[in-house]
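First chain A sits with chain B, and in the next complex the same chain sits with chain C.
The block that comes next holds the complex of A and B.
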């Protein structure tokens, strides 16, 4: 990758982040909702302080959040804060900042995402490649079909079906939560096992929900690759089927799939977040769920921005890694 | 000079099968499309017959017995808030169709217009439309929709606003598809001939290029409807939908917040899920089928 291209990619990344932050900044300000008033009005209703105090509190909070400044000034400070990954304070859990909350729940989400994305990428691509490989045994080729049929089912619905059949009917695995009720989190094997048990269904839902897409695109890719001259040549050289499959066919078909991985990231993360919320796992998804229920606007916007920036960064990262994997496009 | 005596031409007319037969024959080859259309037809029949026979009031809280499992009286059971889930399914299906068709239609229309402008007039307009699309594409649409839906006053969130929220960030896909198709069409000879014969720009767009693009537009429309149904479903599952309405995602959100599975009310989340699978599955099948119709190159090579 030339320096000029690298700089252009980075500029594009900055542009994407800027566009996302600008949208997230201006949309709430176009609406007539006042987050502070709603939050403190609620507190005032449930008792605690009088309506006169309410106005004072709102005024002082507005000053603290910088909401009394002119809009453009607010925008500049906001952009500066974004660069430092500072998304302000949570309204609902006030003394903590949104970044702190994200940092607390991020490991759960990353763990789930990493495992499910890698597994579904591997399973889906292998099945897809085998499905398009004419020499593979018939039963092996047919294993891909059920996954293709599942393509239209969103992971969230997959999660509900899994909860119903495996959790509710068969009672093999828990219905939700991060660990069993009444267990104190400790560093012990029994606790780790309990936690793992609670992670299986969400992981399965995400894997089943996304394998079909990989199978489909890989099968299409595989069919094109089979017609290529170098596969023909390898066959005429008398290489074994396994060798052709691994080194000539799979390797070449896999490359475009990596670009697909970058493009799918946004959807994958969105699905993971909703599935997490559905299972009540303590990840970013659950945090977003709670924030939406509690009208905790800074947290909602913080999570949205964080995810957007993360997706844009990861996509750019893939674009930088790609030329290392595929020497053909190094110079283009 | 000898003439070869030709035998008198036998007047055998080649029987062209009727249009319906040809459509049926194509459907037999393109099974996915046929099955998808069949399921969608079944769902439409369910909704239309349902709308004519049920009392829509039963789709709203406190209109039926609470928490009853499926029975003869309530074929899909009732929920914690006293909604008859059969009525809720009918109304919810109808609302889902409204959101999907509205958002899908507007999204496709905007996409087609922008795609045409971008490809046909090229130059600076093309560059700016393309740049905007490229910048907006990597942003996870669901996240921005969460911000928009979350910023709205709860009373302002209706079926209509849901459709509008979904459409705001959904026109980039069709724009890019139509743009690339128009770009290849533009270079074809029949367009050049039309231009030389003095056909106006609008004439070329509507009379020459548009008819060739119809399968692509149809495929883009189905894809848009799919995306709109999907997006509105996710927003509703997050609790950002019009909470009073029996939208399928809302039912799941409500079931989940009341701990339906923990309490044993399994039918409450399962029934809307199955309905959603049927809707999305049929749309996905139709979309793949139309792709095959529009794009013979992806026809199966098996």
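The block that comes next holds the complex of A and C.
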């Protein structure tokens, strides 16, 4: 990849982030809801201060958050904050900052998403590749079928089914939560084990939800590649089946799948939000869910932008890696 | 018919052994049959094909598109894929009967005994692997004990013998021109000094100059390892200058098999005659005439001789009785009722 192309890519990345942040800024403002009023109104109802005090508190908070400024002015301040990656305080979880909230919830989401995305990519593509490989044993080729059928099941239903059968009826795994109630998080094996147990069902829900997609696209790709002249010539050369499968068939069939992986990163976040919500995991998806309900826009801004930037960065990374895998791209 | 003023006369070959000499054939194909079981019905793409080749001999295989040339080559490699099946016959290379080998034995025979240089060499190289890696893995899978250095030296020698720069070893296919890719495929074909080399339309995608160079390359490497070479192609003119023998295919059958001189001066099968007549010559001022009529569908072959609807010499028996291959004086073989009394 030439330097010029790299610079163009990076400029595009900045453009994407700017567009996303602008959309994200204005959407919560379209609603008339006021997170501060809701939050402090709640406090006022549960006792404490008088309505006059409430108005005063809200007014001073508005000022502190800069919400009394004209919208355009707020927008400029907001863009400045993004450049500094500083999203300020959460309205709903005040006095936590948005960055603190993200830092707390991020490890949960990254752990879950990274593991499940990589696992479904590997499993799905291998199954799909084998399903389209005429010389694979029949039983092995059929292993892919149940996963393909699962693609039709939406992640919510998948999660609920898993919770109901494996968690509730069979009681093999916990129903939800990040770790057992009453346990204090420590750096111990027993806690790690407890935590892992709680991650299995959400992980399965995510994997079952996405493996089938990989199987389908890889099988389609495999059918094309399997008939390519270079795969036939490899057989004419007297190569062993395993080598043809790996070096001539799989390597070529995987190339478009890697682009697919970059695209999938965006949608994976969506399923994570659903699954984290259903299983009550303290991840970033759940946090976003709560922030949207409370119209806590600094937190919404922070999380959505963080996700956008992360996905855009990963996609750009894939684009930079791709030429290393496909020598034809390098010069074009 | 006057065949003496053909613009493409076979070149004289002093080194060619006389036909009567006792040379053991290196390739014996007999009774080869292939059927494709398609949804529309059974297509007999190869029907009772028999011929032999001696070491160092070059056979040109011609015939219309769909006449079964590639099927012939793939059947010899035992690479016919579903819905096709080899239904009979034998292919013997040296003293190995390929049809009796198990899958692993056949894998080892490919490239080391009989090599196939594919039709469409443009796409026959793996786009994501370096040329060197694609040559080395071929050698390694046949000679697992040979050292890396020895394998590399062997590959570079092969590149040299097809007039390619050893630098090609480190390149990727997309960095090569069509002619270079074709040469790489030939280089791969000769890596293990096979006894038989089949090149399926090695020049059809190339310009005239490159065509000649590739043909000469094949000629040189053939001489170096004394292999029998089968060249598949449509271009009778190009064939005439490079081959010793010509096989004419029609609708899955070998209708004539003779020396190039016999073929060009005295073709016997009416289809072969039509082919030779259609070549541009001084009489018709270089205009390609083509052969009247259409190639038959394998699914609905005409009764008797499949060529009879287009044949200029048709007789009564041709419509109902299938001619069988007949060996005539001098060793040439013709599949036509005109020669029922001969041989």
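As a working rule, the second predicted complex is superposed on the first by the 324 of 332 C-alpha atoms of A that agree within 3 Å, B and C clash if a C-alpha of one lies under 4 Å from a C-alpha of the other, contacts with A are read in each partner's own complex, and residues count from 1 in each chain.
Please note the rule applied: a contact is a pair of C-beta atoms (placed from the backbone, for glycine too) under 8 Å apart; a residue touches a chain by one contact, two chains touch by 3 or more.
In this text the structure is predicted, and so the values were computed from the model without any measurement.
Asker: Evaluate whether chain B and chain C can sit on chain A together after superposition, giving fit or clash.
Answerer: Overlaying the two structures gives chain B and chain C room side by side.
Asker: Between chain B and chain C, whom does A:236 touch in the aligned arrangement: first, second, both, or neither?
Answerer: The second partner, chain C, only.
Asker: Looking at A:311 after the superposition, I want to know if it touches chain B, chain C, both of them or none. Which is it: first, second, both, neither?
Answerer: first
Asker: Should A:325 be classified as contacting the first partner (chain B), the second (chain C), both, or neither?
Answerer: In the superposition, A:325 contacts chain C only.
Asker: Quick check on the superposed pair: does A:76 touch chain B, chain C, both, or neither? Answer first, second, both or neither.
Answerer: After superposing on A, A:76 lies clear of both chain B and chain C.
Asker: Which chain makes contact with more of the residues of chain A, chain B or else chain C?
Answerer: Higher number of touched chain A residues: B.
Asker: In the superposed arrangement, which partner chain does A:300 touch: chain B (first), chain C (second), both, or neither?
Answerer: In the superposed model, A:300 contacts chain B only, not chain C.
Asker: Considering only touches as defined above, state whether A:274 meets chain B (first), chain C (second), both or neither.
Answerer: Only chain B is touched by A:274; chain C is not.
Asker: Rounded to whole Å, what minimum CA distance do you find between chain B and chain C in the overlaid structures?
Answerer: 11
Asker: From the superposed pair, tell me which chain A residues show up as contacts to chain B and also as contacts to chain C.
Answerer: No residue of chain A touches both chain B and chain C.
Asker: Using the touch rule from the top, collect the residues of chain A that touch chain C in their complex.
Answerer: Spelled out, the residues of chain A in touch with chain C are 134, 228-230, 232-240, 243, 247-248, 251-252, 255, 325-328, 331.
Asker: Which chain A residues qualify as touching chain B in the complex?
Answerer: 12, 15-16, 19-20, 23-24, 27-28, 30-33, 151-154, 156-157, 160-161, 163-164, 167-168, 175-176, 220, 223, 266-267, 269-270, 274, 277-278, 288-289, 292-293, 297, 300-301, 304, 307-308, 311-312, 315
Asker: Using the touch rule from the top, collect the residues of chain C that touch chain A in their complex.
Answerer: Against chain A, chain C makes touches at 77, 79, 81-82, 107-112, 115-116, 118, 120, 122-129, 137-138, 141-142, 172, 174, 185, 188.
Asker: Hey, which residues of chain B end up touching chain A in the complex?
Answerer: Residues 134-136, 138-144, 146-148, 150-153, 230, 233-234, 237-240, 252, 256, 261-262, 266, 269-270, 273, 276-277, 280-281, 283-285, 298, 301 of chain B touch chain A in their complex.
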